[in-house]
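Before anything else, here is the set of structures, which you'll find just below.
Below, chain A partners chain B and then partners chain C, in two separate complexes.
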Partner chain A sequence: MTAPSAPMLQVDDLKVHFRTRVARAPWKPVQVVRAVDGVSLMMQPGETLGLVGESGCGKSTVARAVIRLLQPTAGRILFNGRDITDLSQEALRPIRPKIQIVFQDPASSLSPRLTVDRIIAEPMRLAGWEKSRIRDRTGELLRFVGLDPQYAYRYPHEFSGGQRQRIAIARALALSPELVICDEPVSALDVSVQAQVINLFKDIQQQLGISYLFVAHDLGVVRQVSHRVAVMYLGKIVEEAPRAALYETPLHPYTQALLSAVLRPVPGAARNRIVLEGDMPTPIAPPSGCRFRMRCPLAAPVCAEAEPPLQEIAPGRRVACHFAPDATIARP
Partner chain B sequence: MSEAPLATGSLPAAGAPLLSVRDLRLTVAGAGRPLVDGVSFDVPPGGVVGIVGESGCGKSLTALSVLRLTAPAIGVSGQILFSGEDLLRVGAQRLRQVRGGEIAMVFQEPMTSLNSVFTVGDQIAEAIRTHYAVSRRAARATAIEFLAKVGVPSPATRVDNYPHQMSGGMRQRAMIAMALACRPKLLIADEPTTALDVTIQAQILDLLRQLRAEFGMAVLIITHDLGVVADLADEVVVMYAGRVVEQAPVATLFARPMHPYTEGLLRSAPPIDVDVERLPTIPGTVPAPGLVMPGCRFAPRCGYARAACDQGEPPLIPLGGGQRAACIRHRGYAP
Partner chain C sequence: MADPTSPAATPIEAAAPARRSTGRGRARVFVLFRDAGTRMGAGILLVVTLAALLAPWVAPYDPTAQSIVESFHGPSAAHWFGTDEYGRDLFSRVIWGARPALIVGVLSVLVSMIVGVPLGMVAGLKGGCVDLAVSAVVDVMMSFPSLLLALMIVTLVGSGLHTLVIAIGIAHVPLFIRLARSSTMQLRELDYVAASRTFGGRDGWILGQHILPNIIGPLIVMATLGIAGAIRDEAALSFLGLGIQPPEPSWGNIIRDGVSAILAAPWMALISGFALALTVLAFNMIGDSVRDVLDPRDIAAASNERGERR
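Right after this comes the complex of A and B.
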């Protein structure tokens, strides 16, 4: 893949494996959960990459490894050209302000014992800012995310879910990051509030030019915030494309099934959806060959024998299927 | 099952609703306004009614109160007429027959509603033996039969699984098998697919549709997801801050929402088939649960609101075709 400009974030063949023991059976061998098993990504400045997939596909693990909350088992993470994969926590400190994260549930990511101004000031305090500068910046950030600065001395529990997520966003923006990792940031919010927060994310990007790695399971949400979208299944990316291309002409059978399963608020609209059989297999023992073949209506013998590589079949379009671009599941 | 059920309920008269909730009011001492405030709706035999609304609107409390499962601190008034019998006034023994027998319930999180120390088969069999005088062996056979019906693969093996040995989708199927095993006339499903992934959600909704056709049972589905309602329901009840704000047949509601809240809810869901520069939003937030409001509870967030909207609770105004909306705009803002 040739990049138009230097990538801000480059992830090469990232693997995150967890070693687990069977509960209450210490004599059984250690099992390896291959949560992320060879993921490569590239992000440009000012861009939003949506990362979608169902629970257990490894999308949140990718997000957490990129910000080094989890240590990668293999692969490389380059931020602005610098390899940060094996940097010590101490060596990471100057880079941390540039990569921030917003989590799903603001009720657990905001300390209930701190007032909002202290929560937002924390990153600036750690960066050694002066008190007066922190105070000015806190007020500015609160206004920026649509909260009244007079609420600065309240506690998180005094706010609604949507307002709390605005506080978490203000904290993430405090040190002017270049990349914000968003891990299901609107999933816990009601529809009417969700739309407000999605618009806020877009406004912030327009004004500050920051990039988002936006992890979510809701395909409607991802479409509305992303420039490009990558679909994950069982620890791997199965398809990646500019958003309109992905939603309008999905090439991987899994993407097709996933999009057709989304319920549209139109009575009777979803009657001809593709219903996949079974569940996602366990990442402890992924199937041989293509990982989706157990549920794929188009699976053929070759799918069990060889793992389809993620190939670029058009500019910016990558898909991992032996039959792409001609793999189309017939609608019932 | 060939054995006659122990539970006996009179059949409703032709055209009469199977379930009729009348002026349901749930109150907590000391709280400002009722949690559920004068909610009425009907579920016809074999029909599917969806209650939609956002967190805190009272939709789940409404569902729980049908089987009198709300916390003791909550005062309940009104009527819950099931085949004409008021469930709020029946004795403990009759209530036990109804719960799980004539009305079954499926909850959002199957992991917390299944008991983790009994096998799935034991739990389904227990439900059967509570309502029918059958042997353990027959109950187990019925459990396997229903696990097969809901699409659990190798049901004869899975019947001996503990809940943790199953995936989320499979646990939800087991919950549904348990609910159906006594052939209820009404299934109450409270956010049955919310904890599930989209591909599994599609499987469960298809299953509910197919089972409804096969058993002719009525379904009351509670959800925040307009897509689920559009997919499954015949009739929709929209709740906001404890009250019904709109009621309509499903096609009418989605084609022509008449309450500003319904309209806002439909517009603000992020669409999957078009790119939108800015999503339409509903400004503000839901009023705090304790706040007493003399007029329309949606007025502070409503683009159509006028002074008259704060003058008293808007009644549900009939708009033809079975549609009703609690918005005085449809009467020219006359109170």
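Right after this comes the complex of A and C.
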């Protein structure tokens, strides 16, 4: 959607590995969980990139690494052209206000001991703002996210889930960020409230022109907010495409299976659901070759031998499958 | 970047008006006193505190004034609790004995908290080598009973009120380190701590703004129970002759005098022992009910409450 300009966020071959020991067995070798194993992303200003995948695929880990709550094991993260991968927490402080995050569960992302005005004030206090300026800005932010500023002196537990998420959004916007990472921001909410919060995200983007890295497992939600969508499986991106293209003609077998599982709004419409066998393999010992081959209906010997690279097969479309773009699973 | 001035075109979620907020702190205190045990504990504590504060005016005699002719008199109208070997009035001595008990109890717990809480919080937040080092010291200290630890310090430094406070305080430090550390470790994984980092919050800010306010409840419980333990330790050390030195009265050294004269004047050990036991019990009862009220599962109930406690 955006004209190709300098990318705001560029992630090159990001890897986040966790070293774990087997509980109560220190003599056993350290296990390496490859939560994120080579992810590359590019984001333009004002754009929303949806990152989808089932739970455990590493999408939240990507989000937390981009905002440097996790230290990447390898790869590079460039924000506005500046490499922030290895900046110390101290060196990162001036950049922090430009990248903010909205977490999944506002019950745990808002301190139960603080009133709403103090919660929203925290980033501004850390930025050294004056009290009167903070007070003005807090009221402005509350109105902006659709909350009555007279509620500012209440505690988070006095609000509904949707209202709490609005508080979290207001706090993330306090310092005028350029990129907001949304880590499953609506999955903890009731379906009726989800739509309102999604609309709020879209309104905010329209008015402020900020970018979202929108992490979710719900394809319907991602479809509503995203300009482009990347699908993750077991620590890697398997397909990336503009929204319309991805939802209309998914190229990767995994994407096809995922999309076939989405409920159609038309009652009685043919579902033709592709049911995948088994579970996602453990990221401790990913399968050889293509990571999806164990569950892929189209798997062939070549899939076990070579890992399919994520290659661009059309402008803005990247797929990691040996058979792309002709890998179409026959519907039952 | 544009400044958000115009309200977003989303429906204002006014349908669910936020619940009326009650004064949380005050409500919590009332909940506390609904429990009979707390009222009893608080009553005992009030009497003991008043006795300690007003000792010079309440005590009928000078607690150190000897009167050999009145040695080992039983309880009477003139001497409510009787007298000891030197004819000193036991009632006055027990009243004055409340002073070292409370002073050592409260101050030594303050010492433990001032030393232990920051260490525990830093160890819990930083993890890694810092945590390993702090935990190793704690483990070594925990392998000694706290009384033995206090005893070693007193033996090294000498007896007296100041050393008692410091010795007992240091002996109880590991308890506070452990509690602060484990509570911090639970909290540091929470999203609001992560969020604070994304605003540029440093460790000190996170500890002060987010960790400490959330662990203060368990710390208060531990402190209350710790005072009971410290009073017991003070009495034990004084009993052993390493604490408050005679002729200054302390419940511990009165009990020792009473034990050596248990056949001639059994009331001595009994009465001062009773005072000690009651005071320790009072702190324990209050500590228990504070814990019940501050129990995390109850916090929501207590703060939302409009009258009934479940």
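The rule is simple: the second predicted complex is superposed on the first by the 322 of 332 C-alpha atoms of A that agree within 3 Å, B and C clash if a C-alpha of one lies under 4 Å from a C-alpha of the other, contacts with A are read in each partner's own complex, and residues count from 1 in each chain.
Rule of thumb we're sticking to: a residue touches a chain if its C-beta (ideal position, glycine included) is under 8 Å from a C-beta of that chain, and two chains touch if they have at least 3 such contacts.
Note that the structure is predicted; figures quoted are calculated from it, not measured.
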After lining up the shared chain so the two structures overlap, which partner does A:Leu78 touch, if you call chain B first and chain C second: first, second, both or neither? neither
Touching A:Gly220, do we find chain B (first), chain C (second), both, or neither? first
Determine, under the contact definition given at the top, whether A:Gln100 touches first (chain B), second (chain C), both, or neither. second
Give one of first, second, both or neither to describe whether A:Val191 is in contact with chain B, with chain C, with both, or with none. first
For A:Gly278, is the partner it touches chain B (first), chain C (second), both, or none of the two (neither)? first
First (chain B), second (chain C), both or neither touched by A:Met42: neither
Looking at chain A, does chain B or chain C touch a larger number of its residues? C
Quick one: is A:Arg243 in contact with chain B, with chain C, with both, or with neither? Answer first, second, both or neither. first
With the two structures laid over each other on chain A, which partner does A:Asn199 touch: chain B (first), chain C (second), both, or neither? both
For A:Ser111, select first, second, both or neither according to whether it touches chain B, chain C, the two together, or no partner. second
Across the two complexes, what residues of chain A are contacted by chain B and by chain C? 160, 162-163, 196, 199
For the chain B and chain A complex, residues of the former touching the latter: 54-55, 153, 167-170, 197-203, 205-206, 224-228, 230-231, 250-251, 254, 264-266, 268-273, 275-276, 278-283, 285-286
Across the complex, what residues on chain A touch chain C? 64, 67, 69, 89, 92-93, 96-97, 99-101, 103-105, 108-113, 122-123, 126-127, 140-141, 143-148, 151, 153-155, 157-160, 162-163, 166, 168, 171, 173, 175-176, 178, 196, 199-200, 203-204, 207-210
Which residues of chain C touch chain A once you look at their complex with the stated criterion? 1-14, 16, 18-19, 21, 24, 190-192, 194-202, 205, 209-210, 213-214, 299-300, 303-304
In the complex, chain A residues that touch chain B: 54-55, 160-163, 190-196, 198-199, 202, 217-221, 223-224, 243-244, 247, 257-259, 261-270, 273, 275-279
